[in-house]
């Protein structure tokens, strides 16, 4: 199929985002559409699947097929879609609450299952949509939510470490404040054959104004990354400050996809019941 | 309170197990009651909480308080119980399907939350109770289940790796074929302040007769374990064959337990609504 | 941008691709700001961003016309030779606030325009190609004109301090 | 739909075979059923077992007839005891009368008083002694031979069946079994009953209800299944997995039911008719996903194989107690389809219809099968293929005006499938306007609520909504697996010259009010029969305003099957 | 229970204040309500907003009266426009009549035709101009002053309220606000209405329904909460978290709703009264857990704050559409408690009662609040403490015969709590015998089904099951938040000399059949009023056989509130 050269903005739906001005998710939207343009994806052959949260509003703003599902189930819906329609480029997206709290189990198993799709988590260490409660990635001493008035007191969830332990073959960290690099990461993630996980530090101006400091704290990862050695990757992730961007780990594993053979007829199958 | 010296068998309820003769879970029951006797636990101050599966039948066979809940939710019920009743010794138990498939999310978050409880997973790499389907720990090429006639094709779930990445402070592996060592591991797990995870290789004679070979394959872990270095633990877990027994990782993190202060009266609190 | 290392662009084609990306990104960015301001009922500022977007669009069209008969190379989004995290005139997102005043919006615009100008200036300074230099200087001049115009607007505006929104946020889902 | 009106009554024979761990009661039953099938009978086999995972006490119940067999009847004609260990655990599942016969081995000890109390005859055959005369001989095969003789089944057919069922165990085993079977068969008893054997039929199927649901799913076009194992639904999945992939489809074993329901929603959004199967606890976990499918108008079908509830309940036993959750279990105003197969054979059609209705109406279809249908083996007439002109309305050439949730005359909007240029939209579980853009405006909410309601209410479901038989001023309304016993009662009454109308509802939601009311007008007596504690159908029919105030309810929870005699008593007012 | 029969009718004044992002409409409304409270009025404030997180268009609706205010009435007496941006998004939430007044700023442009169409008067006040005269002056404060004057509220009270509500913003802000308020107040308009101010009352509370549920939970003895945030329930949790821990309890933020329901089951098994709060999607995820609590007889309470459904639906708007799932949403035969608070004030008692009933009856209690109760601010008379003699039956000295699920006269079995010697047992979601040992025997199933049913059916719930008021041959049955509007209608009718009976059901399940039937006999007209699409209560009452066939349904889905006038029309047959 010949692909007319589309620009990033051609991948935007024109529906105006309800996000707060200044929200990091805008940059993710922009980087993702740039990545799509760069890859020359045919719009109708792409589906963006999400859960519920501010971040999960993403699909509506993109002019591809989209599915805005229920809280925590983006990866499940995306996996079903990809299993049934291997021809599509499937991108799952959502927030840290959606993906790591209620959706944690699907995250584990999607990493393991290694279907060919990208998963973008816009991590703002907070539940934006429900007014600022602590999420799994929130640091234990953040005490600005009334639901956890002394902070959660629980060490925060390390998405890259979990993804690695669960068997993901592509793990990257991006930052909404570095949209060009983010575009590159997303391109690589979409191109990676298998499950590609991108954690995007995407600040919430409304409930986490402190995240404006991320501009100073985020830095490119130092080492000679990506590595394809899981032990090294584990070391780097454990030792890191969680603010280093880049592809951390990239390794090709067999991609799981059900075989869609067609070598029988229903009539034939039904014969088995004859005496 | 003075504790009368109880024997392991005093911790058994007398209800006859429905397990298949030869099932590994018998050894877990026996090791657990031995561990209880060794620790001199007061029976009524212990609660064993489980989900659904052959393994999850455990509580009924133990003469402590027990809760046989629903599939996958043992850790949630155990966490609630411990939060409300910090005085109890809480032990969660179940199978690989219960804990790592449907219960995966609670496993992740229980590791992170680090409440003071032990979690015993009787891992037979199969769903025994529902007649032998593949579980997350089943190897990808095991094709004896009709639901996955060519095997799952998906790399198996590495419980120790996940527990480590999720932040658990105590990770051990035992074997139903080594009940004495298993007793020791369970004693250590119960004594560990915080969340202690014990994966017990506990063969299913009915659906995994091949696991009779475990007797030959299981071996003590070689290295100078346990370590308290997560990077080293990660290395060992990643490199291992999954059949090495012993405590792999032990490190003390702050234990999470809600404070139960009593410094106000409801009357006083209600005054806030006065104009 | 000013702190960045030297940027060298040696062909007109490469330069035009940069200029095009810069202006288009700027256009899209202002459009997006205008949209969100509209969504958030800050109509004055929305209108201002809309105006700026329009300028950038015109600018981009100009660049397009210049490039009409040239075979332009493709540059991947992350290989552009600016050192800032995105196209020079499309930044400052997290400074955006739905209550921002027109003067604050002007500040953002000026920051962007100046950064754009500085980019062109660096190209002009460092390129060994006369053709590139010439084009770059033209762009610098245009951007300078932009900057001047913005400054004039700014001067004509009343300094406004945005007021804190006393209302609590909503919870849409 | 139904040729089952010629329900087996006196023209049937029923046998229960019991034994403890390893005695092979179930295998004996399977071979007996197969032998009856080889003789041309139709039949049914159910089973019951203790709580042990394997090796517990168990029983196989077999009934066969020249006519369709859709329930077990009231008492067993024949009880065969391989041994009597732990028989008290399920003696109440094995009703006998003074017309019954007990076949027992003196070596197994006396027949328990419990079984003898109704005055059944006892016939002794030394199973064990005979078997021990053969190297490797099994007493259940001796018993099988003796049983087949009592049942009047042909030895040839029996031998064929032994080979068919034990074939994969190796020749040695088959040979020994045949010897043992002959020993039992040639023992000196005469047949107790001689049903005329119709002769092997070329269009009879041997199938379980779970398999039949699988066939229906495939006939309906299902090509993607995601599921999580659960008793008693797993066999649907186990049957489908290897077969789907031969038809270009696939089955994905999910990490849990939350995943499986959302996976099939994703797949269906992609255009592939999708289904899952589960039981109560799994269905509970799916209701949030069902709401999403409903609001996003993504067709999905869920086969719920009911078991004793609530909570984990009694997983191995049948009950019809999930009607409430099936109809009312979604939050919000959430009309959707609920269907129930009326027999094992009907599992094929009802599941097919459900899948195609879901596709056609772009909604959720729930199929309420149950353990007694799902896990019983039946010999039935092959269900004919039915072409239904029901399919998803797809927009192949969307233009700029395309609206995913457009209001149309039939309230079904054409769906644009991923891959279709120009039809891009975002499916949403948030309330939305016709384009699919989230909206909280009253007009959009009302419009879409009406759309989702009326596409169901206004659709003409035709005659398949129920099986209606008989006439008269008395009426039984029933649903699902209870239909078998109800039809047996109707058969008895007909044989006695009295008449009754039977309405077996296949389409439970949307309820076909007008049709039902029409059928019920002028009824003097209406009895609603179902297998649960609360009378869930009874209350539902009242909720929908179709029942006369005088209607009565016969609701009996599991685990015991509803027996025709019980229904007859309820009809007589002696209930 | 109810002093609200003296419902505000003509003796009330209602104001809507609208504005776009940052204009402070909600703050204005809050201060206005507070000022009315300071004058001794009771009142209510609701709000509405666009889809944006912050800075969207929003409106605050305030109504106050000398009597309890439990709904917003039909039209607003006064509409204050801080600006008119995007007003069309929710203009239909702001009904006006020709008796209404619109207060507007000429600088904001013309009053939109939409609002003018009913002939409301327009009064112009230059909010912006006045405000810009003050450094840092806010136009909403000018508008507040002008509004308070029109409402006839005392300036002193207004000033006190400004200080109370803006106090934490710093002195400067308060000072400027006071100046602006005075500017608006001293503008040259006269009060439009003068309600006699009763004078500040020492026993009035300012509280939201969500907070009131929190108070009720604490009064009922709740000391453990596990929950996952969700709109519009989060404020219950946010209010409880810091307060529970002062009372020796705790709140745990769970990873999801599956965890939270199972956590509170675990905690309650440990003997601590436990509760969670959620909304539709979360409740959906909890139904499996609810079944476990029910079968294991572990008391838990779930407050479900309803929002527009189904699926994600309309999260910020109110609807009463979760009655079905609340009553019928569990698989199996699963009777349990369902309650609904009838007003914000009643959230206190109903939640307390629910928690204590759950404890007393060892079962599941669901409390159906909704967004309109939960997120509205009310000025109410402080609800008196009520001591209820309802508590968990605990076995402190179990002996060897102890049976956790023993059959007792009231079908409630004493529970032995962990820590109690000799009382060890295993709670189970599998069907079990009285000891708790899993059983699949018919007799055990039947016994426990009956036990779980009859402990509810046979319990005497007393008079609190409903608020019953008025008399006559016409009757309205309603539930939950619709009660406010229904009571207003009753007030009107009473004022006109006609009479009507109002039954507001607080205890929805188990339904109090006999009491209801008794109340309904001799009724000529019965109207069932509720805020959903399907008429869920109407159908439920029919299912339970308590409604006459002639009963009518007025069911109106969200997001718009049910207005008294609409109900009156339905009563008149003009519905």
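First chain written, first letter: the chains are A, B, C, D and E, and each begins at residue 1.
As a working rule, a residue touches a chain if its C-beta (ideal position, glycine included) is under 8 Å from a C-beta of that chain, and two chains touch if they have at least 3 such contacts.
What you see is a predicted model, and the numbers here were worked out from it, not measured in a lab.
The fewest steps needed to get from chain A to chain B, moving only between touching chains, is 1.
Of all chains in the assembly, those touching chain C and also chain D are A, E. Common neighbours of chain B and chain D under the contact rule above are A, E. Spacing of chain A relative to chain C, judged by their CA centroids, is 29 angstrom.
Averaging Cα coordinates per chain places chain A and chain D 42 Å apart.
Mean C-alpha position of chain B lies 58 Å from that of chain C. Multi-chain contact residues of chain A, defined as those touching 2 or more other chains: 18-21, 52, 70, 72, 101-102, 104-105, 108-109, 129-131, 136, 206. Residue positions 51, 251, 255-256, 258, 281, 288, 291-292, 296, 311-312, 428-430, 438 of chain D are each in touch with at least two other chains.
Residues of chain C in contact with two or more other chains: 39-40, 98, 169, 171-173. Looking at which chains touch one another, you get A-B, A-C, A-D, A-E, B-D, B-E, C-E, D-E.
Taken in their complex, chain D has these residues touching chain B: 51-56, 227-231, 234, 237-239, 241-242, 251, 253, 255-257, 281, 311-312. Of all residues in chain A, only 13, 15, 43-45, 47, 49, 52, 59-60, 63-70, 72-73, 76-85, 87-88, 105-106, 108-109, 258-266, 269-270, 273-275 touch chain D in the complex they form. Within the complex formed with chain D, the residues of chain E that make contact are 51, 89, 92, 258, 280-281, 283-285, 287-288, 291-292, 294-296, 308-317, 319, 321-322, 324-325, 327-335, 428-431, 438, 440-443, 445-446, 449, 453, 532-534, 536, 539-540, 542-545, 549, 557-560.
Residues 7-9, 16-22, 24, 26-27, 30, 34-35, 38, 52-53, 129-131, 176-181, 183-184, 187, 203, 205-206, 212, 215 of chain A are the ones touching chain C in the complex. Those residues of chain E that touch chain B in the complex are listed here as 34, 37-38, 200-207, 211, 215, 218-219, 223-224, 226, 243, 245-252, 254-256, 258-272, 274, 288-289, 291-292, 296, 379, 382, 418-430, 437-438.
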